[in-house]
Every structure is written in structure tokens, then in C-alpha cells.
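First chain written, first letter: the chains are A, B and C, and each begins at residue 1.
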Amino acid sequence: METDIVYQINDFKFFFGKIQILDIKNITIKKNKIYGLVGANGSGKTTLMKILSGLLKTNKGGIYFKGLDIKKCNNILNKQTVYIHQSPYLFSGTVYDNMKYPLYLNKITNTDYDKIIENTLRQLEIQNLKNKNSYELSSGEIQKVAIARALILNREIIFLDEPTSNLDNKSIDVLKKTLIEKSRKNVTLIISSHNSLFLKDFCDEIIYLDNL
Amino acid sequence: MKIRRILIALLLFVSFSILSQEDRLKLATTTSTENSGLLDYLLPIFEKDTGIKVDVISVGTGKALKLGENGDVDVVLVHARSLEDKFVQDGYGIDRKDVMYNDFIILGPKKDPAKIKKAKNVLDAFKKIANKKAVFISRGDKSGTHVKELEIWERSGIKPKGKWYKESGLGMEEAINMANNELGYVLSDRGTYLSVKSKIDLAICYEGDKELFNPYGIIAVNPANKDYIKYDEAMKLIEWITSENGQKLINDFKIEGEQLFFGSAK
Amino acid sequence: MDLLQKIFYLIFSFDRDIYQIVLTSLGLTFFSISFATVIAVPLAFIIDFSNYKIKKFLIAFINSLTSLPTVVIGLIVYSFISRKGILGFTGLLFTPGAIVIGQTILAIPIITSTIVAGFSKIDSKLYETLKTLGADKRQIFLGIISETKILIVAALLFGFGRIIGEVGVSMMLGGNIKRYTRTMTTAIALETSKGEFEFALALGIILLLIALSINFIIHLFLKREDKWKRI
């Protein structure tokens, strides 16, 4: 059904200056599904995710977000999707501050912050990091905090760029569990990874990007 | 937001600047005049008597007159008669009045190598210095002192050239210091000499020739076509400084117990 | 030792003349840095976000402005605000306002170029994170500033340094008028030319003490902030 399609990409090309990064014939992304994005280094995975989440602008046609030309969706993409960097940036302050900041940015004021933050941290089993300063964290911890920070916004579409690169196996399992739960609650996930084991019995569909 | 507040502060500050100079009279004069301390002594009294604040901008004579020409100041006080007359002739100034005079002296090493103490007149003194090729420090900056120095060279028929004649381009005190260091001669106004007397080893080697009198004139900037010129206030200053009271104050001004300026208002 | 004694006396007896001069300098510098910041920070953002072709040119242009001699800037502003200039009707010449204008112009390039140089090291990921988390333009602007506080403070310090020790602009535009536009630097120039070295040295020492105190206060301020160093 039409209303289930979040992104429809047809004959889309993307250039950076004179270099072509993407040449996509056909990709369809449906609601509530988990997509794995696979490809060699430099195949354009990050570029594609940034375009779909509104961080990179394109002036070429071919991408539709919920039926609308993506070129006209700049404002809504930043509110309906969220993208988590491969090596994320944490704001100065504590983990708690980092969790509260997105709530403040989106003017979510009528809630019990402490409870929401605690719950979100628990999902990734990092509630013990709550009062630690961001500069004190290991790269794996940073990754988990960044994911938690994005999850707290309860957005419908989540892009994760190589989320397992710094995580140990236990953390990867916890992350898998959390993401599966999310997908059950009407969330669409797009995850890029080199780790085929991680993606194997977890994604509904795998998208392959070739190098150009 | 903070930015708006700061921009408002900017506007307030700039308008305050523009408005606050409403009752300030701008006087351009020479550096040696300001450095003598006379104005620091006179102007507060003037302010008390009339309520007019005077801003003193001290630069070289040439620049002082240029400021008057541009209308950037309201009144000028300088000591270069020929330039003053031209200033009035060209229409930039009106109501020129004599104010006072001090004199120039020739400072030199106590030993007086060129023996100018015995000179017949100042032209002769300069000739002796040139003949002896004794070190002479010139202001070289078209200041009143420099103009006077050049006049004397010209009238004595000498074109000063050579290693002994040094054009410094510095202020009066610095030129004196230079002469002090190099044991040379320098033409200076008495006032500056008195204020640095205790710091140097030079002595007065020649003085008294009428040629060396240094008369000061005060000129109001012509307000024609310039309605921002504070002509009335300028006239108040001119009247005050040439009045019996003002002249007495000038004569009473002393440095190291010596009178420096002599009132010459008619 | 007599010299030192005289200097200490001048500094610590709170001689009215000296402290008037110090306050004038500090007050004018405060205004100049404030106005310069208001213009320089948004300008740095504009340059940073500009199209990459224009950006290179803009950066080179701003950088070259930082090495303009102060006298040149003084001269340019002078030609505008002298009665014969276009803005002559304002009568700003020889007022404190004129000095502030000149010093603001002096400070803007150096503050801007410092911030732009610093932004190039950290900007895009911070910007993308703010954007994807839903920040609007204003929140992005404030967020970047908040995260780059150290950089901005450093830029302001550079601006302060450029201004507090300059004499070309103050002299030309202010006229070194006693108790009105006489700053520490113009006073030092004047007293030195009069051979009054003690006064000049006393002012110089006060200038140094002020610079040290400001650096110290900034250091304390930065220590209290989180020691965020990672890019």
C-alpha cells in the first residue's frame, strides 16, 4: 500500500563536485521495517543516509519522502528522522546533559525529565554513566550515549551509521534488542554496517551499494 | 536578546558622543604650547568663569591650521605669524588677535665650542655654528620652531647641509634630548627648556635678539558656511584671553619660578 | 631605584590623572570589543557556512585585514568623519565615539578570522548533530557558540590585545584630549615625547597588569567550564 512507503528512490544520482557518489536505480523503504545498508568503504552509505535524513541537500530529483519530493522536505526531515554519526559528537557536560539537550531543543517541557532519561539509558544498559562527563567516556560508551540521545526523541525514522564499530559483543546484543523493540513500535530503522553477523537475522531487507 | 541590547547601547553611546560635544569648544594648538602647561593652568579658570569646556588638540603648527581650515576645530592658537596671516587671508580664520610671546633661545654645550655667546646677533650666532660645523639639531617638522629656524638660516645666507646638521623630525623635548646626547646646539622655545632644564646639561648660549621673539596669535575659525563652528564660544575665549585678567594670568604663569610667557594683547 | 620608587608611587597613590586615563582606555576597549563581537561572531558564521568558492576568498580577505596598520585604519575613518568627510556632519572627530568606531573596525577582522579558523576544525559534526536532533536556526547558532566558548573567548582576547595596545587609531581619531580622549597608549606616547619616562613606565606597568589580570580571569572561567577538548 502506498501509505506504507517512507522513501521511494528512483534513478537518483548524486555528485560531489565532479565526482559521482551515488547512482541508484530503485530503492523502496517501507514503514516499520529494519533495513541493513551494506557496501564497501566509499560506496556512499553515509552520503545516502545523510541525504535521507536531511543533512545533505540535493538538487536532483528522484527521491520521495512519504510521497513528497525530498527537496521540499528540509524542515520536516529534521523533526521526523534522526541520524547518528559513525563517531558521534557529544556535547560538553554530562551524559545527563546530553540526554536533556534534545528534549530542550524540541521544546518538550511538560514531562518528568529524570524518568524519561533514566528509562532510555536503561534500554542500552548505560544508566550508570548518567553523571559522567562526556570527555571521560570510551568510544564505545560515546556510541551508546549518542544512540540513547537519539532514541529519546521517539522519532519514526532512525538512521544508524556503523553503530557497532566500537561496541563489544554484549553491547551489540543489547543494541539489537533495543532496536527490535523500537521497530515493533512503528519505527523504521536504516542501519549501515560491515558486520554481516549483526545484520543477518535482524534486518527485514538488505540494501547493497556498489562502488562507482 | 542580548544582541539587541548591545546594539541599543551602541546607538546610545554614539549619540551620547555626538550630543555631548555640544558644549565643548575645540582648540587646536601646538605641542610645545600644550607641553608648557600654560593651557592646563589657564583653561580650568576659563571654564569656571564661563562654563565652557575646552578640548585641546595639540599637533604640529601645520596640522593645527589644517584642522582649522577643515572646520574640525573652532579656534587655533599658534605661533607662526606668516602662516597665521595666510590662514586669515585665505578666509579660513577671522578676528586674529595677539595673545602673548615667549622667546626662542639657542641651547648648547656649556663649553660653547662655536663661541656663540659672543655673537653680535642671532644671524651671526648661526653663522658661527655653520662655520665651526658644530652639531645642530633641527626640528625638521615645519613646527613654529622649525619655521623660525629656517627663517634665520635664510636671512644669514646659509644653506645648512652636512653631517653636523641633523633634521630630527621629533618634538621639542626630544630634539633637546638629542642635542644633549650629542653635545650639539638646538633652537628651542624657552618654555620647553625650563621644563626640562633639570634633566639636561645644556646651557643657554644665546638669547635676547628681537629676531628670537616668538609671538602667539589666536584665531577664530571662520564660521561662514559652517554652522557647526562654535564661533560665539571661540570669541568668548579670545576675549577672555586678551582681557586684562587673562593677560595677568598669563604673566603670572611660572615654571621653576621663571615667567615664561609675556602678554602682548593690545 | 629612584625611578622605581616614583613609579610605584604613581601606581599605588591612585593618582587621579593616571586612573582617569586607565578608566578611559578600559571603558573604550569594553565598548569596542562588545560591538566588534556582535558583528564578528555572526560574520564568522556567515563565512563558515558560505559556498566553498567564496569562502576561500573571504577568509583570505579577512585575514589580510588583520594586518592593516592601525594608522591606516585611523586615516580612513578620519577621512570619513572629519568635517570635510561624508560623515562630517556627525561631528564625531575628536570624541570617544570616534575611537570606539576605529577600534571596533580594528577588532572585527581578528575576532572573525580566529573564530573561522577554529570552526574549520570542529564545525560540521557539531552542526549536523544539532540539526538532526531538531534544532532550528537560532538554536544551532546558540548551540555552536555554547560548544565553542573557549574558541570565542580566545578570539575576543586577541581582539582585546589588538585594541588595548594600539595608538594609531586613538591618536588620530581621539586627539589625545586631556580627560576626554586620552588613553593609556596616547598618554604613554605623549609623556615619552616629553621625557616624562616615569609616568609612561607607570602606565605601561598598569597596562601589563591589566592584560595579566584579564588572562587570569579568563583562565579561571575556562577551568570552571567542562574541559571539553575532543573534536
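Here, a contact is a pair of C-beta atoms (placed from the backbone, for glycine too) under 8 Å apart; a residue touches a chain by one contact, two chains touch by 3 or more.
As the structure is a prediction and not an experimental result, all values here were calculated from the model.
Novice: Using the touch definition from the top, list the chains contacting both subunit B and subunit C.
Specialist: none
Novice: Give the identifier of the chain nearest to the protein's overall CA centre, each chain being represented by its own CA mean.
Specialist: That would be C.
Novice: With chain centres defined as C-alpha means, what is the inter-centre distance between subunit B and subunit C in Å?
Specialist: The computed centroid separation for subunit B versus subunit C comes out at 34 Å.
Novice: For subunit A and subunit C, what's the span in angstrom between their mean Cα positions?
Specialist: Computed from C-alpha means, the inter-chain centre distance equals 43 Å.
Novice: Roughly how far is subunit A from subunit B, centre to centre by C-alpha average, rounded to an integer in Å?
Specialist: From the centre of subunit A to the centre of subunit B is 77 Å.
Novice: Which subunit A residues qualify as touching subunit C in the complex?
Specialist: Answer in residue numbers: 50, 53-55, 78-79, 81-83, 85, 88-89, 91-93, 101-102, 105-106, 133-135, 149-150, 153.
Novice: If you look only at subunit C, which of its residues touch subunit B in the complex?
Specialist: The contact residues of subunit C facing subunit B are 31, 34-35, 38, 82-84, 88-98, 100-101, 175-178, 180, 193-195.
Novice: Considering the complex alone, what residue numbers of subunit B touch subunit C?
Specialist: 3, 6-7, 9-10, 13-14, 16-18, 20-21, 24, 26, 31, 35, 40, 55-58, 70-73, 170-171, 173-174, 177, 195-196, 199, 226, 228
Novice: Given the complex with subunit A, which residues does subunit C contribute to the contact?
Specialist: 125-126, 128-135, 139, 143, 147, 225-230
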